[in-house]
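So that we are looking at the same thing, I have put the structure below in C-alpha cells.
So that you can tell them apart, the chains are marked A, B and C in the order they are listed, and the count of residues begins at 1 in each.
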Amino acid sequence: MRPVTDAVPAPAADVAARAAGVRAASPTSRRGRPELRRPAVLATPGGVLGVVLLTSAVGLALLGPVVVGDRPFASVAAPLQAPSAAHVMGTDDLGRDVLTMVVHGLRTSLVIAVGVVAIAGVIAVCVGALAGSHPGSLDDLLMRGTELVQVVPRFFLAVVVVALFGARVSNVVLLLGVTSWTWTARVVRAETLSLRQRAFVEAARSFGAGQTYILRRHIAVSVLPTALVMLSVCASGAVLIEAGLGFVGLGDPDVVSLGSLASNAQRFLRSAWWLTLFPGAALLILILGINLVGDALGDAGSARLGPVGLGSTR
Amino acid sequence: MGIRSTTATLVCMALVATGCGSDEGAGDDPTEVSTASPEDTPTVSDTETADAGGGTLTVAISSDPGSLNPAITTSGAVHTASETFFNGLVALDADGAPVPELAESWEIADDGREYTFTLRDDVTWHDGEPFTADDVVFTFEEALLQLHARTQASMGSALESIEATDDHTVVFRFTEPYAPLLQQLNVTEAPILPEHVYGDGTPLEEHPANTAPVGTGPFVFESYTEGSEIRATANPDYFKDGPFLDGLVMRVIPDEGTQLLSLESGEVDFLWGVPGPDLARLEEDPAFVLESTPSNPGGANCIMTISFNLERPITSDLAVRQAIGHALDRDRFVDQVLFGQGQVAEAPISSGIPWAHAPDVELPTYDVDEARRLLDEAGWVEGDGGVRSKDGETLTIDFVHFPTFSKYGELVREQLGEVGFDVELVALEPPVFGPTVFAEDDFDTNVISYCNGPDPEIGVRRMYDSALIGDVPFTNAAQYSDPDVDRLFEEASQTVATEDRSPIYAEIQRIVAEDLPYMWLVETVGTRAWSARCEGFQPHTGLFAESARCSDA
Amino acid sequence: MSARYLLRRLAQVPPSALLILVVTWLLLHLAPGDPLIALAGQYGDEAYYTAMRERFGLDQPLPQQLATYLGNVLQGDLGTSYVRGRPALSVVAERLPATLLLASTALVLSTTVGVALGVLAARLGGGRADVSVRVSTLTLYAMPAFWLAQLAVLGLAYRLGWFPIQGMTDARRSLSGLAAVGDVFHHLLLPAAVLAAGELALNVRLVRTGLLEAARSDYVRTARAKGAPGHRVLYHALRNAMLPVVTVLGNRIGMFFTGAVLVEVVFAWPGVGRLLLTSAQSRDLPVLLAVFLVVAGAVLVVNLLVDLLYTRLDPRISYAARD
C-alpha cells in the first residue's frame, strides 16, 4: 500500500524483483528495449513531470524561507482564516500562516529523506559490495543479516522508539537509516555478483588489477544507477514514515512536520478544509516527484545496464 | 413523568410494530418494575414501558480500557468504561455535595475521627448475591488501599481501621481528624467490589472478573470485545429509580474527528468530549445537546499548570518566573486551545472547590512590557535573533509535555519567544514523562493537568508539600519547599469545619502566588454531547446513563 | 530441490526471530521511562510504587529479567500485560483476526482488481497511454494512507453515506449468521479499499508492463502465429507478468500491517495496529513485544509462502542459485 513503505514502490518494482533473485522474471532489464533506452531522466514525459514536481518541492523548501521567513511557529494573524491574498494557504487554529508551515514541513521531509538515504546508502553499498564480491560464508552471513533486518516492521519499530526515546528528527533519521538499506544492499549485491562474471572485469583482473581497485572503478560505478533507484524508494518511504509518525501524534514538536499538520487538520476537517488540503498536497507532490524521478532513473539505468549501455559506462 | 411515559409507550409500540426494537428482553418482567419506581406508578403498563422502552444508548470512548475494574486503578480509560457497573458508598451531586448511594445514611463523631455508615439492605449484586458490609471492608482493604493510587495516597496513612460491625454497618476510624472522607467515597474514588467474586485468592490485577465485572450498578455487564466495544444491559433489580435504557454499548473510537462524524451520522449517541473547533456548530444544531462539567472519570477540577524547576539556575530566579507569568496571554489558551471549554485560572486552587478557591489572590497578568522590564533588570539582554542572554548564556529553556498537550507547548513557545526566550519543546508519553520530571528532575519547565479533586487535600496538597519532593510522579514537580505552607496544609487537613478550613487555604494561595513555583494557566472542563433523541444524563458522574432514556426519533 | 530449500529457509526462522526478540527487548528496557506510571497512575506514594515494582518483577536486574523472559518465551509464554493483567499473547491473539481480515481483504482486492485493471491498461497499448497510466498509478501510490483515509471517511462515508464511518460492526444491532457476516463486510470495504489503493496501483503497473513485454516476446508471437486462441495466449503472458507481482507481494506484507495502523486509527478498526499505539503509549512492554513478534513472524511466514508460490509459477527458477 502506501504510506509507509516497507518495500518497493512502483518505479523500482522490476529492479526489486531482480534483487530478489528472479532474473528471469524481469526480461525488461536485460533485453534490449530500444524505445525505452533513453540517455537521461528527462527523456520520458514522466521523468520531466517528476523533475518539475521534485524541483518545485525542493525549491520551495530551500528558497521558501527567504520569502516566508524562518519563524514558522509565529502567530501572524487571526486564527482559522480561509486562504486570501495575505495568506494564500490560510491560517491555522493558533493564527499561524499555513504556507510558512508547509514550507518548513517540506524542509523537515527533505532532511529526513537526505539523512536516511545517506545512512542507508553507505550501509547498503558496503554490505552489498562485500557480499557480492565474497561469495561463500561472508556472503551467507551478510545476507542472513539482511533478511533479518528486512523482516523488521519499520513503522512499528519507529513508533516504539519515538514513544520511548522521544520524538526527535535525529532519532527518526537514525532508526530509518539503519533499517532501510536492505533492498539497496540486495540490488548492489546482485549487480556486483553478475558484474564479477563479466568480461570487462575479468579483463581488468587479467591485467593484474587488485580486488579493491576493480570494485571501486568498475563495479561501484556500474551499480550506482540501480542503487540510486532503490535509494529513491528509500527516500519516499522514509518521508512517508515520518509523516505517519506525525499523524499519530509522534512528530518532533520542535520542527514542522507535514504529518503533524495533517493530524492537526483532522480536528478541523469540517470547518477548515485548507488545513488538510495543503499539507497533504505538499506531501503528495514531494513523494510523486521522487517516485517519478526514480521511475525514470530506473528506465535510464536499465538501458545503461543493457549490453550496449554497459560498455559506455563512464 | 406521565407524559414522558406515554411517549415512551408510543415509541415502544412503534418499535415493536416495525420490528426493529431492542433484541434484549431485559426489563420486560413486570415484577422488576414494581421495585424500581414504587412512588411513581400511574398504571402498570405505563411504568413497564418506562423501564423497558428506553432504547439502547451507544457511547463513544476514546481508548480501549483493557480492564473493567475501577477499584484497582485511577486510569481514566478504565473508569470511563467501567464505573457504570458499580456504585460508591455515597454519590456526589452536580455541586459536589455527598448524597446517599450504597450507604443510606452516615454519622460523624464529634472529634472528626470516626465515621459510621448505615448501608442499604435491599441491594443485590448482578449475580443475585446480597450486598453486605463485608464487601465494603474487603474492597477497601484488598483493592482501594492497595491499588487505587489516589485513595491509597490520601486516605491510606490516616486510616486506623475499617470494620463491619454488622451486615449493614461500616465504621471508619482515623488516627487524627480527617475532613475529606465523604468526598472520596463516590464511584470514581471508591467503587465497591463483591467479595464473593474477587475474594477467591486470585491476585486482583490478574482476576478474570476484571474483564467480566460483577457490580451493583445500573447496568449489567454483557460482553467485552477488546479494542472494539463493551455491551451492557439494564439492571432490572437496580436499587435506585431506573435505569430506563434497555442497554448500553460503549464503542472504542480513538480519533476525535471520527467520533464527531459518528455522532452526526447517528452511529453513536453520546460523546465524552467534543473537538473544540466543532463546538459552536454543534451547539447551534438542535439535533444535539451539549453540557459542560468540571468532573471527569480521571479526576475533577483540573488546572493546566506550568511547573518551574526551582533547582535550575534560570527558573530559580523569581524575576524570570514573574516575567514568564506576564508574557503569557492566558485568554488565548482559553480561546485557541480550549475553544472556550474552560476559563483562565484565577487562583492556585480551582473555582470548582468554591469554599477553598481564593479569587482575590494576585497572579501575574498579561503584560509584555512588564515581562521585558523584569528580564532586563535580571540581566538578560536582548541579542541576535531576539533571544536574550546573560554572561554568554542564552535564555534557553525546555518545556516538557505529554504529546496530547502539544498545543500548550506551541503557544508557550510562541508567547515566550516574543519576550526573548528560546523554548525547546520536549514531548514525552506519560510513562516517560513521570520519571523524567519527578525522578530525574530533568526539565526547566513543564505542563501538567493537576486535578484538584473535590477537596484540596486530594489533589492540591501534593503540589506544594515539601515531603512530596521526590520520585513519586505528579506530586511536587517544582520541588517547592516552604515551612509555612507545609504547616498550613497540615492544619487544614485536621480541621473539620469547612468554614474554618477556607481561610487556611486562602493564606496558602497568597503565599504560593507570591513565590510562584507554578504558573496556573487555565481551568479545563469536559463537554459532553449527545443526540437530542436521548435525555436525562448526569454528565458529572460515571453513572451518567443511570436515568437516561432514548427514543427512536 | 525446492523442499530442501524450504527446509533450509524454515530452519532460519527461529534464530532470526530470537535475535529480533533480544534486540527489541534490550531496546525497550534500556529506554528511559518506567512502565509503573502507566500501572500506578499519578497519585501513588513511594511504598505503593515499590510494591507495584515487586509485583511485576521490575525490581530485578535487567539480565535476569531478560533470562526469565527468554525462558518463558521458549515455553510459549510472552509475559503478562502490565495494564491488563492477562497473558500478552492472548491480548494480541484477540486483536489479530481483525487486522488479518483487513490486511488479507486489502491483499485480495489489490491483487485481483490490480491485475484486472493491469490487463485493461495493457490493452491501451504503449505510447501515449503509457504516460497517463504511469502518472495516475504513481499518484495513487504516492498518496499518504492517512490522507486518503480522511478523504474517504469524509466523502464516501459521511457525505454520501455509502459506508459506515467506524468500527467493524453496527453497535446498535446484535446480528447473527449471515446478517452478521454482511454487516462486517459492509464495515470492511472502505478501510480495506483505502489500505489496498497503493498496492493496487503498483500491481496495475507491474502487470501492464509485464504484458506489454510479453506481447513483444518470441513465445507469444509464435503462439499467435500458430493461431492459438487469444485467452490461452493471455494466460501464458499473464503467468509471466504475475511473477513480479508475487515477489513484491511477499515483501510488502509487513507494509500492509504498517498501513493497517494508520487506517485502523481513522476507522476505529479494532486490530493490532491500535494495540501497538496504545501499548507504546502506556509502555505495556510484554504486549509491545508480543505485537512485534507476531507481526515479524507473519512477515517471515508469508515470505516462505511466496517462495512456494514462486516455484509453482515459474519452474525455471533454480533455488540453488538463489542467495
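Just so it is clear, a contact is a pair of C-beta atoms (placed from the backbone, for glycine too) under 8 Å apart; a residue touches a chain by one contact, two chains touch by 3 or more.
In this text, all values refer to a predicted model and were calculated from it rather than measured experimentally.
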Pair of chains joined by more contacts [C-beta pairs], B-C or A-C: A-C
Core chain by centroid distance, with centroids computed from Cα atoms only: C
Centroid-based (C-alpha) most distant chain relative to chain B: A
Centroid spacing, where centroids are CA-atom means, of chain A and chain B in whole angstrom: 46
Intercentroid distance (Cα basis), chain C paired with chain A, Å: 21
Whole-Å gap between the CA centroids of chain B and chain C: 38
Per-residue multi-chain contacts in chain A, two or more chains: 163-164, 266, 269-270
For chain B, residues that touch 2 or more chains besides their own: 255, 257, 428-429, 432
Multi-chain contact sites of chain C, meaning residues that touch two or more partners: 31-33, 150, 154, 265, 277, 280-281, 283
Complex contact set, residues of chain B against chain A: 255-257, 260, 275-278, 281, 335-336, 401, 403-404, 406-407, 409-411, 413-414, 417, 424-429, 432
Residues of chain A that touch chain C when the two form their complex: 1-11, 13-14, 16-17, 20-22, 24-28, 31, 35, 44-46, 49, 140, 143-144, 147-148, 150-157, 159-161, 163-165, 236, 240, 243-244, 247-248, 259, 262-263, 266, 269-270, 276, 280, 283-284, 287-288, 291-292, 295
Interfacial residue positions of chain C with respect to chain A in the complex: 12, 16, 19-20, 24, 27-28, 31-33, 106, 110, 126, 131, 134-135, 137-139, 141-148, 150, 154, 195-199, 201-202, 205-206, 209, 213, 217, 240, 243-244, 247-248, 251-252, 254-259, 261-262, 265, 276-277, 280-281, 283, 288, 291-292, 295-296, 299-300, 303, 310, 314, 316-317, 321-323
Contact footprint of chain C on chain B as seen in their complex: 23-24, 56, 58, 63-64, 66-67, 73-75, 146, 149-150, 152-154, 156-157, 203, 205-207, 210-211, 225-229, 231, 249, 251-255, 257-258, 261-262, 264-265, 267-268, 428-436, 439, 462, 470-474
Residue ranges of chain C touching chain B (in the complex, touch as defined): 31-46, 48-49, 51, 55, 80-81, 83-86, 91, 94-95, 98, 150, 153-154, 157-158, 161, 164-174, 265-268, 270-271, 274-275, 277-278, 280-283
